[in-house]
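Next up, some structures in structure tokens.
Shared chain: chain A. Partners: chain B in the first complex, chain C in the second.
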Partner chain A sequence: MSPSGQGRRVGLVESIGAHLLLIVAVAFALYPVLWVISLAFSGAVEPTARVIPVPIEPTLEHLRGVAFSTLEVPGGPDRWLFGLQLANSIVISLATALVGVVIAVPTAYALARFEFVGKDSGVRALLATQMFPAVASAIPLYIILDGLGLLGTRSGLVLCYATTAVPFAIFQLRGAFETIPRDLEEAAMVDGATRFEAFRKVVLPAARPAIAVTALFAFMSAYNEFVLAHTMLGREEMYTVPVVLQRYISEFSADWPKFAAGSLIVSIPVMVLFYIAQRHLIAGLTAGGVKG
Partner chain B sequence: MVAVTARTIVKRFGATEVLRGVDVHVPDGGFAVLVGPSGCGKSTLLRLLAGLEEVTSGEIRFGERDVTRLQPRDRDIAMVFQSYALYPHLTVRDNLAFGLNLRKTDPATIASRVAEVSAMLGLDHLLDRLPRALSGGQRQRVAMGRAIVRRPQLFLFDEPLSNLDAALRAQVRVEIRKLHDQLGATSVYVTHDQVEAMTLADQIFVLNKGVVEQVGPPREVYDRPRTRFVAAFLGSPAMNFLDGAQVGASGLALPGGQTLPLREPGQFGAALQPGRTVSLGVRPHDFVVRADAPDLRVAVELVELLGPELQIHARFGDAPLTVCLDSQSGVRRGDTLPLAVRALHLFDPATGLSLRA
Partner chain C sequence: MSPRTGSFAHVLCLIFALLAALAPARARADDLRLWHAYRDAEAAALVEVVERFSAATGHRVELLAVAHESFASKLVATIPRGQGPDVFIDSHERLGDYRQRALVGPATAALDDPAVYSAQSLAAVTRDGVVWGVPLSAKSVALFVNTGLVGHVPKTLEEIAALSLPAGVYPLAYEAQSAYGHMPLLAAFGGRMLAEDASFGFVGPAAERSLAFARELAERGAVPRDADGALVADLFRSGRAAFAISGPWLVGDLAQVRFAWRVIPLPVVAETGLPMRPPLTVEAAMLSPQGAAKPAALALARALGGADAAELRQRQAGTLSVRTDVPVPEDNPVLAGFRAQAELAEPMSADPAMRSTWEPAFRAIRKVLRGQADPAEALAEAAHRFADVRRPPPAAASPTPALLLLGLGLLLVAFHLVRRARDPDARQALRRSLPAYRYVAHSVVVVGLLVFVPLIVGAATSLFAGRPGEGYYVGLANFVEILTARGGPLLATGSFWFVLLVTFLWTAVNVVLHLGIGLALGLVLSRPTLRLRALYRVLLIIPWAVPSYVTALAWKGMFHQQYGAVTGLIHAVNDLFGTSVEPIAWFSRFATAFAANVATNVWLGFPFMMVVTLGALTAVPADVLEAAEVDGASRWQRLTRVTLPMIRPALAPAVTLGAIWTFNMFNVVFLVSGGDPDGATDILVSEAYRWAFTREAQYGYAAAYAVLIFLLLLVTTRLPAWLARRSEAAR
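Presenting the complex of A and B:
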């Protein structure tokens, strides 16, 4: 047999091996998701232990039950509760991402580019805040929000989320700005830009992928956050979706199919967001700007 | 176009003094090359001219205008960076138009200038591409185009060729000089490459440790280096040096016992007092083979064929010596080569200053 034929055979075996491994990995990753889907569409009330996750007595009842939950308003028409709660989640998460990025971009840029008094100690202090879990600050945050009269409000929760989103975004973006060559800004300034114009017209576009990732991350962590939301929000119409979902699983009863249906619905906005952000996440946007 | 004058420029970064009282004058339309080893301060000087750094003390004038404290954008300059610094998110067209857009030039003028420059540099077919879709040479051209399109008073080049391969570098070097002759704009060019310095410059400024060691046209700096540093820095292969030669009645007594006759002692004037110790410098190309009356004999250790010439690594006593001869000269390893010296440089061993009168 020719050496090349041998090589091809080894390649085939390797390829089959690799694919088997990948199939197992994919199955491993997807299995729980498939279970959630099957549960959400199953008519049977109690989930049963089955190997293959396919819906039993397929139905849309749970999805409807979750999505069209209503809130009775005394003396008025009922309000669409789940819509309200989903909107809460999206608004709060978007606001968190916005606040995080808006504050972090100039801060990170200053940390990446300028030398100033207190820079190092500031960065260290910022880093120190990242060492504590967000839950550790729940009680002080509760007291502060109470003092500000923001307890149980969306803006109050955004403020809480910003305390972790902003420092994280600053670190993320500082790294991104440091990778953008100074030459680019200097070229812009020689070309006639002010420092701010150089920042706005050259640095920001070059950092766009990093900013998109940072915003997405801030959105995701706010969207998924449970403990603070559960602590700070008192009324049902203010809840975010993690709190809503958790309430299907209580101490005395567990409505798994509704929980599963809810999980499916709330993951839709995230998928949409990723789809939209894809365009901005193109790696290597800065490639080719400098050197070869 | 404008003349550039920098007077007694001092630049410190913290405790480090990078430039120690540098004077530069480039006449209107001149092409000045700042050359020197890494860390000599040449790039810093260029950045001071651009306004990207602030002088610690000293004064910079463009023509009559004092620009010492002006922002880069107010200096009416263009700069080509070593990294090219093309804006990665903009097409070639927008890269070229960037500066004009910032200055609110009207769109028709921008379009015509971009068209003119892209034709001049052969960028027409690349105008809608992003920088990442260009080769190194093309990027370099765009960077040049971005400078030219603005029609500035002064061009600054910061080692613009060092990221190109050798063949392209030679080609672009010629183009830069042609463009300069065509546009007539005053240019200041930083390089550590002495070939670029020699070929491009009207005036070479050799910098060393934050001071200008010598200024002059390339020929003069090459033929009459004022210091041993300049002599060693310019020329490839580098000049050979022999330390510890002593001035005698009939010539220079070399450490190995041989005597090197001085053919034109007049050029050194009164510096040649008998008994004085000097350092002696000979460029590799200033040796000729002379069997009848050789100035010195050297032992050949290695012969490299470089095409048109031989680069011979030899030894004279303990000192290594490089000699360049015609490739037809038939020198082999192990030969003892009788050489005469065509041109000789003498330096004060203590100060490094040339002893030429």
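Presenting the complex of A and C:
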């Protein structure tokens, strides 16, 4: 038996198998997305069962209709509504990511490095909050935001999103900090740095990939959310894009092509972020992980 | 400050500056707020009406478009806090509900001479002798005729159904499965959804005959069995339905069709000799209680309902006016058709109980059309369901025992704390903890205020019943009701125990598939010799990056029995291999509906597991695997004895998290199957949602569901660790 020859043949078969498996998986992953794309570019409808998602009578009309929507202000010039709404979405999501990370970083660090009274019960309680469905806690949250005078504002919405972003970021980052060797900070402290300086100058840079991924998650969950956004935001020029999309499909008439066109535009920023972050994604995710 | 933190601070400042800059100029205190649900041409017409009003009176008006579905919930959230609109345009059928919640004020002072409104529309906005809104327009469905396909329009529904048409063209398309779509037919048989005394009207011989009739239409292939509004529009637009029952919202879609069409009143049902009468919705300008006190708001409501405004809306947006002094333009036969229909229509009941008829009626109609139940049987079930939802909430209980328990608990905690504070060890531990507290203090405040307080208040809601704002303490009655399945059989569809089983099955199947697929793809992707790895990885992550509500709806479309892509695949397979697989009605049976939900959720969730696996695999050192190979371990042994045990610690938390997410995965269940068939695929969270938002706003009941979900998750995630600790202690 010649191990190398047979090994190569087995390798070839396996390699073909691997590619086949991956191609099937990619087809599975892309198929629904291709339908959304085809719908967004279709100029006509044809109610028949089709297999291949290609647009019928291709047109850019829907994309244009969504992207160039304007707000007619009584007695004033029209404003570019969609631009405002996209800016809202992006700024609100960035703020959520930032608030989440800024609050979570020191806490996660303390959880990873210090022993203190109440640590274990605190962590367990925090994990438990993630198990409570939002259906029941949404209304008390409104009342609190109302008390703070933030109901119906974008800052209030950011705080709403922070309620899920912060606990998740804490868990995620605690795991990341735990994987960073203590020697690094200890060496810095021997060199005369205070604990906080060591944290800032040594640990934070080392945890950058994990922080980026955590921020990406917070960004994405805020960016895609529409139930809270819809109830919280009081004016059309404050709406985030998912709320706008929801308006295209109402009970009586559903404008599916516009909905699809809007979905495409919404997905692009997240896709770009994912593409940029994908190198870090794998390292950042495993470093974290929830430990109860 | 180091350069890095400096730049970080800059970014922070920039973002908050952006948040502030995006904030529109604060509305002036005397601005009027007007909310509406209009789109496109109707919204543009409204803006013009408002501009005229502002020019004439000098009052600025701030307009807000709100989605029709969430109009009510938004009013409830804002009006009691003084942040709601002064005037809002909504359908009259919500008036009963709004009145009950004190969201509307009287509008009599904003009316013109009552004689100028059609009697129907005025009656629709009058309750208890008071007018609660200025009627603006009337909307109902009517019959759209493709005159290119049919030259002579038959008088009766039976004749329409018997038309001989080219293959693939339905004689008639209407929303057969929705209660709203069935109402005209029900009226033709002399029945109604809600009886005069607010009891369930959709029972008895008239209702049964109407259902049998609808079933026959579907069985003969005269109408599509499961058309929603969008499909009705598509069928008519593409010339695949000769007639369609639809409303004014279809008109805009028909701007570019190449055939001639017109709008006429609905036909007569020959079996009874009565016409099909659609429900009429009157849109009215209503005033919030604060708006009703403002003369300017009253003037705005009056202007909205004025003859000028009505004329403008008819001309620009094709919205049918209810004013008798505003004639339909002669060059607008479509509007004339809708007006003729409106005169024959009956205003929808504005009783709050009307809302509770939709879900039971909808389920009954669907069951009958799918041939899963006889009309009588399905309707009896619907009546039972209606009665169950309308059942008065549990009686008030004395809060004394709970308060006693609470006091006792607080006392114990205080006692415990005092003892700890006296203990020198504990004091020292506390002192040692001080540096750590500096890092966590701020997040304790934020998380405490924003996460724990709402959660505790929310959990406490489960001990109350009644509408929000007038709730009263009922003790554990909500829990008792849930756990006893509201007095019905314990394992009936929709009972807590049944839903619980479905939820566990749902979670288990999803987690296994997520993990299996994610693991397999992760392992394949980490093959050292694989080419195009980066490309595959990016493409496979896409399901994660697209918003889940978008893809959930895309999947639902793919599972449509007649026009979905899955059916297209089945046809393609049949053509290719000469087989004869029937297209599957995915949402009519539990197994297939469940499978559709699972397919969607697996699609959404596998990339997460794949990425976690990939990450975990990078931590498996190559030399360990090589050593195992040298020792003669086969590939399979290397996988199961080395790789999997090594990545297990990294995967375990992700699996726990994934299980929690899946357990509470509301979007997929709600958007894909919507609980079909008959609520069987609902999971606990979607059931809680229904109690909170579609069944009489029973927040206390929904909160009790939430508490049960929480306890279940807590126990199941804690159990393994607890068992492990116990067995260790035993050893």
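As a working rule, the second predicted complex is superposed on the first by the 252 of 292 C-alpha atoms of A that agree within 3 Å, B and C clash if a C-alpha of one lies under 4 Å from a C-alpha of the other, contacts with A are read in each partner's own complex, and residues count from 1 in each chain.
Just so we're on the same page, contacts are C-beta pairs under 8 Å (C-beta built on N, C-alpha and C of every residue); 3 or more make two chains touch, one makes a residue touch a chain.
Given the structure is predicted, the values throughout are model-derived calculations rather than measurements.
Look at A:16: by the touch rule set out above, it reaches neither chain B nor chain C.
In the superposed model, A:60 lies in contact with neither chain B nor chain C. Of the two partners chain B and chain C, more residues of chain A are touched by C.
By the touch criterion defined above, A:187 lies against chain B but remains apart from chain C after alignment on the C-alpha atoms of chain A.
When both complexes are overlaid on chain A, the residue A:202 reaches chain B alone and has no touch with chain C.
Chain A residues in contact with chain B (one complex) as well as with chain C (other complex) are 201, 205, 284-287, 289-292.
Of all the residues in chain A, the ones that touch chain B in their complex are 181, 183-184, 186-194, 197, 201-202, 205-206, 208, 284-292.
Partner chain A is touched in their complex by these residues of chain B: 50-52, 71-73, 77-79, 81-89, 98-99, 102-103, 130-136, 139, 146, 150, 156, 163.
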